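Next, two complexes with chain A in common: one pairs it with chain B, the other with chain C.
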Partner chain A sequence: MSTVVSASTPSPVAKVSAKPDIGAIVKFVAVLIIALVVISPLFLLFVASLKPDRFQILADMGSFRAFWVSEPSLQNFADIATFSGALPFGRYLLNSLIILFCTVLGGVFLNSMAAFVLAWGRLPGRAVVLTGLIGLYIVPQESIVLPLLSLVNKAGLGDSFAAQILPWMASPLYIFLIYQFFIQVPRDIYDAATVDGASPFRIYWSVFLPLSLPVLATVAILLGIETWNQYLWPLMVTQTDYARPISVGIASFFGHDSVYWNSAMAASVMMMVPVLIFYLAFQKWFVSSFISSAVKG
Partner chain B sequence: MSKYLGKRLLTLLGAASALSVTVGAGLSGAQAAELKVMFQGDPYEITIITDVAKRFEAANPGTTVQLINTPHDAYNEKIGAAVSAGSLPDILQLDAPFLANYVWSGFLQPVGDLLDKALVDDMTASNVAQGTYPIDKALYAIGLTDSTVALYGSRKQLEELKIRIPTSVDDAWTRDEFEAALKTLSTAPGVKWPLDLFRSYGTKTEWITYAYEPILVSMGCDVIDRTSWKATGTLDGKACVDATTEMQNWVKQGWVVPQSAGQNQFYAEGRPAALAWGGHWFYAEANAKMGDDVVVMPLPKFGEKGVSPNGTWIWSVAKTASDPAAAGKFLSFMLQDPAYREAYKAHAGFPGLKSFAAASPLYADKGAMAVAFEQAGKSAVARPPHPAYPTITLAFQNAMTNIFDGADPQAELSKAAKKIDDDILDNDGYQPFGQPE
Partner chain C sequence: MSSQASPMPGSASPGPVRIAARRPKPPIWGGRLQELGMLLPACILIALFLLLPFLSSFEIALTNQRLIPRPVPVRFVGLGNFQQILTDSAFWTALWNVTRFTIMVLPIQCGFALAIALLLNQKLPFRNFFRGLFFLPAITSMVVVCVIWSTLFQYPTGPFNQIVGFLTFGLVGPIDWLGDPTWAMPSIVLLSAWQAYGFQMIVYLAGLQNISESLYEAAELDGANAWQRFWHVTMPSLRQTHIFVLIITTIQAFKLFTQVNILTQGGPRGTTDTLVHYMFTAGFVDQRLGLASAVAILLFLIVLVVSLVQRFVVRDRR
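Coming up: the complex of A and B.
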């Protein structure tokens, strides 16, 4: 009996091996190609950073040798990872991390406080403030760079960390994102905290912030990426190596006569590694933050 | 309650901002600089200029030099921002063809009397030309170096194909010889493209105007009439249309390395490009891969005479400089500093001072680049020294890019000429330019 059944009704395993899922294969190949397209420039960057001879990097471009290093060396990194000298990339990296940390921390704090006031405070003209805030979001950064530069210089903040942190901590987008989250919190929670005698700051700090971790993570990640990739503003506002971030430092390898590809590649890897580590550690948060910002922003 | 909440939190927000400003001010960089020097450069230049500034401070107690090192690609934007913010430095480096624009705009002051006389007397004619404003004929900028473009080839390949190798400017290939060489090379084994014009530099750099305008001038035209300062009738005249049509023809025949192929085709494996129309800096790259096989030749004589470009990044003093004498002293100190000269010599810096040329074996008689230096004295023509230069170069670059991509040369040059003339008209002729002397 069992023999008859197995002969006339093949097992699911036998069915799969007999008829391959073409759709799955196509999907796999498509994903593989996309992955290769995304990864290959990063791989090339990493390989080139291990070639100390900038002329060799140029000579290899355009062939598969660009993806191979026969004598890998960390010389490029050793040359640039310094804290003093002409192009101290150790310092630039540290500067970038300081700017990132302060901007994200301050940004999450300020934006969430502003959102809390807008969501739960009884401000005169709150709707107007909110509308104005959303309107501000469409103003591109490039259009305010010069007046902002003038302001910063007049305030005596030129060539400082503060000039790179303060203007970008508060953002209409992030205030609005958090505001949207806050207004969905049931009024009963707010009232219960008030009845218990909690002050407004206590309610914000002990009740709303813990409830808002997903949206705060979204804001932290988006603000972090934005801050890390800043180029135009730090270029305009920094004069010396004192507060110059790594994004501006890398541009120094693109000279008027030559491009120092070996150093530029090593510096780019230095700039990329913290982001990669951060991304791998918080991959889940990254994905959800992009989804939520796409839906709500 | 809610009202109370709003006020308290707004107060807190204000306090946080005030605290941030206070902390920020504390983090602010040093402000005590007396001599601000804005410059750009390759990493070795940044290193040596930093060292020279330290030496100058040690030799001149009480004078402080603050270096403002700016990435090359964003230099002009940074100058624009500094002008808008009213914070021009005391000394600023600038790209030579932009000098007329800066002087006309009132940013710079003459430096002839601020510099050591021996230094001014030591400048090559080409160096003087790149730093001189044509209206008052005064010197506004100086540099240790200058630049040029030469034709590079493989000695072995040219000799095998029995193509004559010119050895001096007077001996340069004629138009017919040049085109015959391209034709011969186009059928030579292994040659994919006979000529690399470095189209890959694109329009983000000055390359197109810098390297291709000499071809037009050699063929009897220019991007603008240098007396009337009008482009219409010159840039879109018959001579320029013929010249650019011929250049377009090189591309159509498949003789020119395409923009997408990068900058390494002359010395990459298999040497796909036979000749390279490259800047003096290209010699180091080619020599590193090809050794002594690299031969440096003068640019061809397309018409009566050969024409080569000049101009590089030079040093000037801002009109608003707090202490012009100190600025001149710093520039004199730097340009005569032995280590500063040695650094440029080690990087094949193209001499802009006679004494520097004498000490640079690469450019001296029998040196590998001797013929390139010979060009500076015999065939160098500066790009148009006019305040409209930023518009001139942009219009010409776009026109040449479109022409190389197959557009009609007459239409493109007419469009560019109109754009240039419109800009000049919009600025009332950039007077006193275009006025009878």
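Coming up: the complex of A and C.
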């Protein structure tokens, strides 16, 4: 499935042979300009985060000075990257990373284990479980969060890391994505493993997991982006800075008379940088992940 | 391509009985216990954190339960919550707003996504680099998008006001984009479309690359120009992709919350209040859990209907 996009078949449309160069250059420049305009808000963010004066940021915004910083400074980052005090964005970032790490690691493991049993196990009732999961997939997160909040509070899990990790680790969508990958594994591979008398977990762990890195990467990326960008749930479930993620921290800049734009910009960059690093490293995987979530969804 | 939505459960997986008869395994019960141990953790989490709250929302919706319980016992109110919602003009405003948002965001977001996908589907140097660049907003958190765009919308000297003033030679004065009842929703539409078009873009790209080249060659032999090729080859071939993109975007649009909660809190004068925001206000701010659960059920029903429409339309074509 990762080849759908990356296999860049030369386009059928570009067949003009007489005067190819001028047309190609014009097209290239046009795409470049469109890309620069579309991406400029992100560029503005990074430039603004290097300006320590919050009034200067707003004054510059309306002119081309928004694209330029004469004396870049990391002062904004130094001011907010703390672990206590008024705007402990060091803490928020760390909280987000902890939640991300636990959710993705646990999610990939639990979902793939369940998918393996559903695809290749001998347990009776697997079809019923699978049908139930497919049915639950349609329930949107938004329509369960309030009853869930009530349950979580009753269980004494309010304002905790567990309340932000456990509910979103296992997911019908990801079990189903991995299940679809597993059932395409040739039966010979499974048979060969059972001949050796290997236990189900052993077969899953040493035969199926190594085979399924593409789908595991897909699930890790989708679940990771989803977890990183969670807003509604942590907004309701966190009451103190203890487990508050960076998304809710940034939102708290709004709703006052004067926003500290310099801090808000720096905090936003802090939230983007981890995603950007992963994106630059695994760009092809990112795009194919979103494709496969679309095709299978 | 978008046809794998529901595989026949069971039939796709290997027949377990046949295997068991062919190769009796010594640790059969140990094996099954282990399988149970592998399946249960995910199932228990889903049962506790998805199924249970979902089912309990139906029960809570029939009561006057509060988020933080009061000393007064919870009372059964029947369909009273639904009655109250359906007679609340603020609910209908929220429903209308979210419909308005969907109607505006669908053509803008999907049209822009298709346009970029068409550009990127051509022979172009650094194509993968451009694709990666155009996909950047899609991986940017909505909270960060709100920070950036609220400075772009800044009143009175933000970039949007400068551009509008420049293009109209100062005839149109500065607009308080997010504070003006007329402009607040279109502004939310614009920043939402900018954040989310990347997903539709790559879906369209995948759809475009599935179109057979021979179709274009045949059209060219028939003397079709680029515009005719687009309308008579590209667009009909993308039919399945269009349906999928429209359904997904509609469902996303109906869940509109984050940007509204951060930038306008539903205002000005309720013009950006949405279903999820209405639910959030009722359940979390006002603590009326029963009422909010009733809204949640209505939201679920809307998403269900849209999804069923997709199933039927897609099945129709097969």
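Following the convention adopted for this analysis, the second predicted complex is superposed on the first by the 260 of 297 C-alpha atoms of A that agree within 3 Å, B and C clash if a C-alpha of one lies under 4 Å from a C-alpha of the other, contacts with A are read in each partner's own complex, and residues count from 1 in each chain.
We adopt the following convention: a contact is a pair of C-beta atoms (placed from the backbone, for glycine too) under 8 Å apart; a residue touches a chain by one contact, two chains touch by 3 or more.
Keep in mind that this is a model prediction, so the values were computed, not measured.
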item	value
Side-by-side fit of chain B and chain C on chain A, or clash	clash
First, second, both or neither for A:159, with chain B first and chain C second	first
Touched partner set for A:192, first chain B, second chain C, both or neither	neither
Which superposed partner A:29 touches (first chain B, second chain C, both, neither)	neither
Which partner, chain B or chain C, touches more chain A residues	C
First (chain B), second (chain C), both or neither touched by A:78	neither
Which superposed partner A:213 touches (first chain B, second chain C, both, neither)	neither
Touching partner for A:277 - first (chain B), second (chain C), both, neither	neither
Touching partner for A:120 - first (chain B), second (chain C), both, neither	both
Chain B versus chain C as contact partner of A:236, first or second or both or neither	both
Contacts of A:251 with chain B and chain C, given as first, second, both or neither	both
Chain B/chain C common contact set on chain A	58-59, 61-63, 110, 113-114, 116-117, 120-123, 145-146, 149-150, 153, 166, 169, 194, 199-201, 204, 235-236, 251, 253-255
Residue ranges of chain A touching chain C (in the complex, touch as defined)	4-15, 24, 27-28, 30-31, 34-35, 38-39, 41-42, 44-45, 48, 57-59, 61-63, 66, 110-111, 113-114, 116-123, 126-127, 129-131, 133-134, 136, 138-140, 142-151, 153, 166-172, 175, 180, 183, 187, 190-191, 194-195, 197, 199-201, 204, 225, 228-229, 231-232, 235-236, 247, 250-251, 253-255, 259, 261, 264-265, 267-268, 271-272, 275, 279, 283-284, 286-287, 290-291, 294-297
Touch list for chain C against partner chain A, complex	1-2, 4-7, 9-10, 12-14, 16, 19-20, 23, 25-28, 30-32, 34-39, 41-43, 45-46, 49-54, 56-57, 60, 65, 67-68, 116, 119-125, 127-128, 130-144, 146-152, 154, 157-159, 161-162, 194, 199, 202-203, 205-206, 209-211, 213, 215-217, 220, 226, 229, 244, 248, 251, 255, 257-258, 261-263, 265, 276, 279-280, 283-284, 289, 292-293, 296-297, 299-300, 303-304, 307
Complex interface listing, chain A residues touching chain B	53, 55, 58-59, 61-63, 65, 85-87, 106, 109-110, 113-114, 116-117, 120-123, 145-146, 149-150, 153, 155-163, 165-166, 169, 194, 199-201, 203-204, 235-236, 239-243, 248, 251-258, 260, 263
Contact footprint of chain A on chain B as seen in their complex	1-6, 8-10, 12-13, 16-17, 20-21, 23-25, 27-31, 40-43, 45-47, 50, 66-74, 77-78, 81, 84-87, 95, 261-265, 267-269, 279, 281, 284-285, 288-289, 312-313
